[in-house]
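In what comes next, subunit A is part of two complexes: it sits with subunit B in the first one and with subunit C in the second one.
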Partner chain A sequence: MDITFTNVSYIYQRNTPFAHQAIKDLNFHIPSGSFVAIVGHTGSGKSTLLQHLNGLVTPSEGEVKIGEYKLTPKEKPTNLKELRSRVGVVFQYPEHQLFEETVAKDIAFGPENFGVPKETINERIKRVIPAVGLSEDMLERSPFDLSGGQMRRVAIAGVLAINPDVLVLDEPTAGLDPRGQKEIMEMFNTMHKEQGLTTILVTHSMEDALKYADHVIILNKGTKYMEGSPEEVFTQKDALKQVQLDVPEVIQLLNAFEDKFSISIPFHGQTVQEIAETIHSIVKDGVSNE
Partner chain B sequence: MSRKLIEFRDVSFRYGEEQPWVLRNCSFEIYEGEWVAIIGHNGSGKSTIAKLINGLLFPQKGEILIDGQQVNEETIWDIRKEVGMVFQNPDNQFVGTTVQDDVAFGMENRGTPREEMVTRIEETLSAVGMEDYRFTEPHRLSGGQKQRVAIASVLAISPKVLILDEATAMLDPKGRTEIMRTVSNVQNKEDLSLITITHDLQEVVQADRVIVMNKGEIWDRATPREIFSKKDSLREIGLDVPFVAILADELKETGINLTKEPLNHEELLEDLWILHSQT
Partner chain C sequence: MNNSLIIGQYVPGNSLIHRLDPRTKITVIFFFVFIVFFANNVVSYSILTLFAIACIVTSRVPIRFIAKGLTPVWFLIIFTFILHLIVTKEGTVLLEILGFKIYSGGVIQGFAISMRFFLLILVTSLLTLTTTPIEITDAIEEMLHPLKKLKFPVHELALMMSISLRFIPTLMQETEKISKAQASRGVDFKTGPIKERIKAIVPLLIPLFISAFKRAEELAMAMEARGYQGGEGRTKLRELKIEKRDMLIFVLFVFVIAGLFYFRSW
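Take a look at the complex of A and B:
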């Protein structure tokens, strides 16, 4: 589904002394089928932006369009439930979306709510449990008696079980162990491609943004600071520094290399192996083979 | 040798009689002034260890000593004054109705004088970059702001032992580095024992020592450099090594001989520089 924000602002506790503007005059367009990463400093408005995508909040000003659904300060879609069956959101803290007595019931909650037949739900549970790296013997446990990373996996499984068209992920790998981080990002990426999803990823991992996204939006203090392809955005060290962000580690290393050796190795998506070979030729022969 | 602040003696733990053991025969010591990182796959028992240290849970087997005192029902109130902890989800620990109250709470409990409280609130909130949010309700903060406040609250009480359970997971890399620098300055100044439970390999590199958990058992304990040289076996237990170690491996593949396992960019580049000037 296409997603368009037009002059969107959002103010928490509007018309009170505590009013706080979290989003300011935000404009962007995400074509259906894209994989977009949203990055930004603590408090820049990322989670607030995401909450518009399934109608948890409506804009204080402006207009949000998600496919045929429209949100404005005055109108919420009448079929909000239908919107939520198509836009799956994994929240920043998994505890915020777990509430059933057992893991199985928690995963079934979404699809049940959207009228998916029992057998289909059971099939989906069988499919999503291994996809998030859990085992079936966890299904009867209480989701609150799990470790942090296990809870995260259950929360992700619950969202996958609704088979959404748009996957909205708010730091989905926080709390996962290194293997889990890799596997779950790969799994999202495979689903994104195979099922033609539209994927919106909020992440602090510039590496993941670089690896998976085809478009990056940088937020600063509630407004769009920059957008473009990962290669365009992440090579602009100084501009990123302005908003307290860093370039991905691989580019940091190449920059440090340039400082020391006075030879630049421009980044254009090379693998670690290719970078090692380039460094080798400079260190050993004093020339770049590029 | 400096003072032992934490000692686990053959500790085993399970969450109920019918339930499986989630920690088995764990023994380790942590000294005053030491920074120890605990790493391990999801469900390996890291948070359980943290909860045992400040007496939220008690072991069924073995014993735990904090500064020489056994952790039990009678000692937990004293012990909790010495042990500051930030939980994996900060929502579980906010007690104040405003950010400022939350930071004050722990100090009130410890009888900190009013004037000192005022200065410490200011100091700790600006140390984590949250001075503009003193009157905000904690649940109205963003994910990363919550973590910053939770860290400020625990720094304010200057505990002897500070446990951070994935306390920076929601911060951007720069924010994480800044906050960890703040924490490590306090640690050096006050000689406290710092335990960080983390999946962030960059953070692990900065610790003095690493304890690696695997399926409820201690799998290894060593310096970060020693741990990260065991690349393949770490990957087998769901872990990984930092980017610089991966690059170092690829460089070795091309025939470059590094003098040591690099832990950061500077070490790697310095090694390469020496090689370069020799050729």
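Take a look at the complex of A and C:
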């Protein structure tokens, strides 16, 4: 589903002394099927933006369009539930939302609410359990007996079982060990490709944004600061520094290389391996020239 | 989420009322709550109202905070007034609407009782508006100190109070977070038949309890790790001290009480 924000603003506790503007005049378009990373410092409005995507909040000003659903300050779609069944959100620390007696029941909770028939739910459970890297013998266990990482996977499975067209991820790997982080991100990436999802990833990790996203939006203090392909955005070191964001390590390496050797290697999404080879050939050339 | 209720919402300030010893404030309010029930004529009510207004003015808490805090209780005050209007059958009949006779006694009674209500809430909310929760618990601990001789766990009680006050905002945030997460999994908290809506609370309550228990355990562990062992031999960062201004308020308040009892009709 295409997602369009037009002049969207959001103010918390409007008309009170505690009023606080979280998003200000935001415009962007996310075409269906893309993988978008939303990056920003704490308090830049990322989480508020994300809540617009499935109608948890409606904009104070402007218009949000998600497929055929439209959210404006005055109107909310009457079929909000339908919108939510098509936009799945994995919140920060999603393991906090677990509550059922067994893993299977918790995964089935979402689809049940959306009126998915029982047999379909069972099929979906069978499909999502291996996808998130759990085994089927866990289905009858209590989610509270599992480890933190496993609970996270169960919670993610619960969102995937809704079978959404749009997957919204709010720092899905926060607090996991490095291996778990990588596994989970790889899993989302595979899902994105295989099922043609539209994926929106809110993250602090520039590495993840660079690696998986095909479009990056950088927020600062509730407004859009930069937007473009990861290669375009992440090579602008100074602009990123102004909003206290780091450049991904790969690009840091290229910058450092340029500083030391005065040779610039243009970045177009190479992996560490490829860059190592480029540097290798440059150094070799240098040696043979002498 | 629930910012309409100001009970427990401290408004920082540096006025006379803010700087009073919390024990003074609690004592004065404690007795104020009692003497409100002794007021029974125009003069005695005026004395109390004047005292309350004087406190509010010196506290320099913006009126809109006070008014906002009163919004949820307006209904109760008006309801009391109407109830007395209908039920009390004393004095002369003032007017008759749809077979209901409104008596003059009812108007007076209704007005008096709602006024009491109004004053009570005004003064008690002024306490929480000008005193931090920590000051209040400190004061309560100090005031209950004599009970220690009877083996009453005063320090533990105060600690429980401050911990629970501290975690109210955390719990509110958590509630909002979990209810949003469940809403996006298709739970409908806002519409549908009552039975469904009550059922919808389960996915909210269970995670809330679990995280509260977990947090309690973590807090206990962190306290033990830092050598906490109850109030025994513990020194305080904030020492409560009765100052001149506290004495002044006490004297003033005694005058208010004396005036009230002098002018009330017996």
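Here is the rule we use: the second predicted complex is superposed on the first by the 277 of 290 C-alpha atoms of A that agree within 3 Å, B and C clash if a C-alpha of one lies under 4 Å from a C-alpha of the other, contacts with A are read in each partner's own complex, and residues count from 1 in each chain.
To be clear about the criterion, contacts are C-beta pairs under 8 Å (C-beta built on N, C-alpha and C of every residue); 3 or more make two chains touch, one makes a residue touch a chain.
Here the structure is a predicted model, which is why all the values come from computation and not from measurement.
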Joint occupancy of subunit A by subunit B and subunit C, clash or fit: clash
Broader residue contact with subunit A after superposition on the shared chain, subunit B or subunit C: B
Which superposed partner A:H41 touches (first subunit B, second subunit C, both, neither): first
Partner chain(s) touched by A:V159 [first = subunit B, second = subunit C, both, neither]: second
Which of subunit B and subunit C A:N113 touches, first, second, both or neither: second
Touching partner for A:P266 - first (subunit B), second (subunit C), both, neither: neither
Contacts of A:G88 with subunit B and subunit C, given as first, second, both or neither: second
First, second, both or neither for A:G228, with subunit B first and subunit C second: neither
Partner chain(s) touched by A:G196 [first = subunit B, second = subunit C, both, neither]: neither
Common interface residues of subunit A - those touching subunit B in one complex and subunit C in the other: 13, 18
Residues of subunit C touching subunit A in the complex: 3, 64-65, 68, 174, 177-178, 180-188, 202-203, 206-207, 210-211
Contact footprint of subunit C on subunit A as seen in their complex: 13, 16-18, 51, 54, 56, 81, 84-85, 87-89, 91, 94, 96-99, 109-110, 112-114, 144, 158-159, 162
Residues of subunit A touching subunit B in the complex: 12-13, 18, 20, 39-43, 46-47, 92-93, 95, 145-150, 152-153, 170-171, 174-182, 204, 206-207, 244-246, 249-250, 252-253, 256-257, 260-261, 272-273, 275-277, 279-280, 282-286
Residues on subunit B engaged by subunit A in the complex (per definition of touch): 15, 40-43, 46-47, 88-89, 91, 129, 136, 140-145, 148, 166, 169-175, 199, 201, 235, 238-240, 243-244, 246-247, 250-251, 253-256, 265-266, 268-269, 272-273, 275-276, 279
